[in-house]
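Next up, some structures in structure tokens.
What follows is a pair of complexes built around chain A, which joins chain B in one and chain C in the other.
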Partner chain A sequence: MRTALRIAALVAILAALIVAPQYLRNYGIYLLSLWSLFAIAAMGLNLTLGYAGQMSLAQAAFLGIGAYAVALLVKAGVPFWVGVPLATLVAFAVGLLLGFPALRVQHHYLAFATLGFNVLVYLAIRNEDWLTGGSMGIGQVMGFAGMPRPSIFGYSLRRGIDFYYLCLAMLCLSTLLVWLLLRSPWGRAFAALRDNPVRAESLAIDIRAYTLLAFAIGAGLAGFAGAFYAPLVQLFDPSPFGLLESLSLLLMVVVGGSGRFWGPHIGAALVLLLPHWLQALLPAWLGPPDQWYLFVFGIAVLVLLTWCPGGLLAIPDRLRARAQ
Partner chain B sequence: MFADLAQLTISGLATGAIYALAAMGFTLLWQTSSTINFAQGEFVMVPAFIMLGFLGIGMPLIFAFALTLAASALIFGVGFKRAVVDPMIRHGVLPLAIAAMALSLALQQGVKLVFGAEARSVPDILPDGVTRIVGVAVSYRDVGVLVISFVLILGLQLFLARTLTGRAMQASAQNPDGARVLGINVDRMILYTFLANAALASIAALLVTPIYLAKFDLGGPLGLKAFCAAIIGGFNQMHGALAGGLLIGVIENLTGAYFAPQYKDAAALVLFVIVILFKPEGLFGRREERRV
Partner chain C sequence: MAKTTRREALGILGGAAAVGLARPAIAQQPQTVKFVNVVELSGAGVTSGTNWRDGIELAVRELNAAGGILGRRIEVQHLDTASNPGQARALVTRAIDQDPYILFGPVFSGSVMVSMAVAQEARMPQFTGGEATAITAQGNPYIFRTSFSQVQAMPKVAAYLKDQVRAQSVSIIWVNNDFGKGGRDAIMAELQRRGVRVAIDVSTEQNQVDFSSAVLRAKNANADALFVYLNEDESARILREIRRQGYDKPIIGETVLPSQQVIELAGDAANGIRGHVGLTVNAPIPAIQDFSRRFQAAFNRISDHNGIKGFFAVHVVNAVTKRLGRFDRQAFAEAMKNIRITTADAPGVLMDVSYDDKGNLDRDSFLVEVRNGRQEVVAVLPPIGRS
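Up next, the complex of A and B:
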């Protein structure tokens, strides 16, 4: 019965996401596309952090690696649909490399190591103008139109609404893949790694391999999202791939509920969509929410965490525990 | 050639001493209450703006600083401990660290909201001017920063090692249960470390902002370098934080001058990654065991 209810809710939400663009203007459709892609990247981080217990503050860097990789590949004449798996692979490989420090250090050390990595990637993108266009943006090396939107089976996805459906399809695909991964023995091994690495090792789980994989798969998903982020925004510079964005991605995961399957979807919606809904709902004298939203959000996360560290999706459990 | 190198080293040491101040506070909080203060950089940035606020209403610098010190002890000492650390610590190290990240986001954005995004100049307490010692130009400011930092750090070391309260603080850090048995008010000792951290951060703000200007995003790189300094020196050793800070300051300066100015900020990170890969306990730290 509960499963049936869940499936019904899922179908309803998906249906709403499919019909929503009919009632939205271009900017609303753009926001929904953005949400789809950030949900994919946050899902990757949820795998690394929530399921495998490996702290990472570099998710935005992988988003950037994916975006720049696909843009530069397309510029070099590689077809977009070949560029996407290649960009994902690049992010996966770099994530694997970033996993090596995780074999030596844990928790907060790892948080700062990955944070440092994010700063390095950001500096490299900003400073190597000849390759990336530097702080002037990708338009410097790709021309004023930036990254072109792809077509699929000869059907152009240039229009915002068509590209949104592509992003949504990719979100569904990623969600399905992550679900399958988590139900596989690999997924169980990730959770074992998080809950008690020493015991996991004693049960013959190769914690080295799984730690590296947790990073690589999480990074690969962000790279995959980045590969679609590039044609979504078309013109971009290094700024969306900095520390603040990595922190936002982390808070998306934590707010939704780290280690909860739907946490990233909810967290991404709260961070990306809520300020715009608020703009419509709140009186104008408060000013545009994008000025104060992150401040309020930071405080709200702080309050939520002190009260219920498991995130929003853990609140029902917590209320139930209190009722008993 | 030599003169340049010496000059760069001295100004690097001065910057490094400021990193060391922030790093010491970091280490203190970690030792006594397992708090990884991700908002450490903001603990430096916000006092700078509080001080600007007091200066703005026409207060002389010294009073403005004294009031800032008090305000920051209240907010980042008592307030931070009671409102964030105490409720979060039972959930573990990582949730607390994430809460501190949320706090750092809120502080950054809050300051941006109130004071705007542009950088502001802060008056300097240290004298301007340069003297020459055997052909090396040494600025009074660098010497002043070094002297103040060393006096503070030495004073803190002496306080921790020689006074009863200091020893009780150390005991609370090393073995809280044992300290309680001996009748030490552990919670109070932990509060003292939070106050010390807030004071160190405010003084770091006083020393760093006249050069680097006060801006809402000042805390990010500063906190990062403070943490790198703490790790490089060894997270469980106070003098390690000092050594780490000085090392980062110098290497950063030399990288900027001789290698690539645009990668100056990366120097600390590269050093940090090398240290954690080959000597994760830090240059002066003790190894900690893994528990099941």
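Up next, the complex of A and C:
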């Protein structure tokens, strides 16, 4: 019964997401597309942080690696649909390379190591402007139109609504793959090494290999999201891939509920959509200044995480605990 | 997780999506004309963006008090990019959904570069405060500047360094973002063209706080002058560091360094700096000085060049729309090509101005020096077309 209800709820949500663009303008459709892609990247971080217990502050760098890799591959004449798996593979491989040395340390030491990596990637993208266009954006090397949107079976996805459905399909695919992964022996090993690494090792789980794998898969998912982020925004510069964006992705995971399967989806919705919604709503209620939305958003996050550190998905558990 | 948890979670997602995105269409009232201003009201660009917004606000209030444009009252909405190009792009999309007559902003060139294609696709005229050369080099017929581009301004600065300062070598300190990189490339090319040696080329970061190393390197390079090209807050910080280290060579800037905002932030450390500015409230032009008084009365502070840019942009829209006699975006964009607007026809533009067919403008500019905490104009330079 419980499973049937879950499936019914999922189908209803999916149906709402499919129907929603019919009632939205370009801005709403664009934000929903962004949400789909950031939810994928946040799922990757949730795998690394929530399931494998490794604090990473480099998720935006992997998003950027995916975005720039696919853009440069397309510029070099590689078809988009070949570029996507290649860009994902590049992010996965860089995740592995970073993981080898970085995962020798844990917790906040790992956070600082990955933070350094994010800064390094940002500086490389910004300073190597002959390759990336630097701070003037990818349009400097790809032309003013930037990264073109792809076609699928001859059908152009140039319109925002068509590209949204592609983003949504990619989110569904990623969600399914992560769900399968978490139910595989690998997923159980990830959770085991998060909850009790000593016991996991005593059960012959290769902690180093599984930690590295969780980190690299998380990076690969961000790279996969980045490969679709590039044609969504078409013109981009290094700023969406800086440290602040990594913190924003971390916030998505924490606010949604770290280690909870639907946490990244909820967290991405809240962190991406709430500031836009507040910016639209608050000036009418509160008047100037125009920056009220930042204050209210900051307070909302502060209150949520103080009252319920487990994130939004932990609220029902907390309410139940109080009732008892 | 219990099933109620999941149901609630999914409900929150659906609710957030529905409430956050499904805003009703904003109907255009027949007696109003809508402007949307997408600009930096928080983050690194807050100083520029706030002045730009207030310049627009002042122009809109005064025009509305005088009956609006062609009898229509102006409605203006300000949206905050948080100095983030990604957010700027999303907000330009939102602005276009609201079907305004004209789009204003952003000021940061990087935000302009990633968002202007969205406005171009919607055939929406856009007035930007960005100064990067690339903005009007893309063939976008709907983008219009409110200030000089860097390739227009830097020849004047380089000529000043060579002919007035008589510098044979120059140190350059610049901010490594879209604005600083464009300016650095432009001044380097102009200095080299005039045979002035660049002694040292120091890159700094946006939001950088400590400039001791950058200043020390410039000091040790021992060039005849120092050219500083940073954003407002960083300019004030570096000026304080320059004075702390006792650097005594001429310090030259372009637009931002000698601006009023930097002078207020840097205090006495700003005294003695010189530079070229496209717009200044201290210009020996009665209309600009009168604007400055009204701005100060309205917002209780002195406007910088971005305030003048915002004010000017609204008055260009007013002047061109009146010439057209109707609200027609396509006709507006076409009318802007090679247009000349004089203060006799439109006093709100403050100085006679000409636009080329790419959206670049041309008008008088000023050489200034900061003395006793005030920017003083030492020379008026003619428009490039007449120099």
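One rule holds in what follows: the second predicted complex is superposed on the first by the 301 of 324 C-alpha atoms of A that agree within 3 Å, B and C clash if a C-alpha of one lies under 4 Å from a C-alpha of the other, contacts with A are read in each partner's own complex, and residues count from 1 in each chain.
Just so it is clear, a residue touches a chain if its C-beta (ideal position, glycine included) is under 8 Å from a C-beta of that chain, and two chains touch if they have at least 3 such contacts.
The structure presented is a predicted model; accordingly, all values stated were derived computationally and were not measured.
Set against each other, chain B and chain C touch different numbers of residues in chain A, with C touching more.
In the superposition on chain A, A:Pro148 makes contact with neither chain B nor chain C. By the document's definition of touching, both partners, chain B and chain C, reach A:Gln291.
Once chain A of one complex is fitted onto chain A of the other, the partner contacts of A:His276 are limited to chain C, with no touch recorded for chain B. Once the two complexes are laid over each other on the shared chain, residue contacts for A:Leu17 go to chain C alone; chain B is not touched. Touch criterion met: A:Arg2 reaches chain C, while chain B stays clear of it. In the overlay built on the shared chain, the residue A:Gly187 is in contact with neither chain B nor chain C.
In the superposition on chain A, contact of A:Tyr27 is made with chain C only, not with chain B. Touch criterion met: A:His107 reaches chain B, while chain C stays clear of it.
In the superposition on chain A, A:Ile299 contacts chain B only, with no contact to chain C. When the two complexes are superposed on chain A, the residues of chain A that touch both chain B and chain C are 126-127, 291, 294. Per the touch definition, chain B reaches chain A in the complex via residues 36, 38, 83-84, 87-88, 91, 93-95, 97-99, 101-107, 109-110, 112-113, 220, 224, 227-228, 231, 260, 262-263, 265-266, 268-270, 272-273, 276-277, 280, 290, 292. Put simply, chain A touches chain C in their complex at residues 2, 5-6, 9-10, 12-13, 16-17, 20, 23-28, 30-32, 34-35, 126-127, 129, 134-137, 139-140, 144-146, 233-237, 239-240, 260-262, 265-266, 269-270, 273-274, 276-277, 279-280, 283, 289-291, 293-294, 312-313, 315-317, 320. Interface residues of chain A, counted against chain B in their complex, comprise 55, 100-101, 104-105, 107-109, 111-113, 115-117, 119-120, 123, 126-127, 196, 198-199, 243-244, 247, 250-251, 254, 291-292, 294-295, 297-299, 301-302, 305-306, 309.
Interface residues of chain C, counted against chain A in their complex, comprise 1-10, 12-14, 16-23, 25, 41-42, 53, 77-80, 82, 84-86, 89-90, 93-94, 96-97, 109-110, 113-115, 117, 132, 134, 138-140, 176-178, 181-182.
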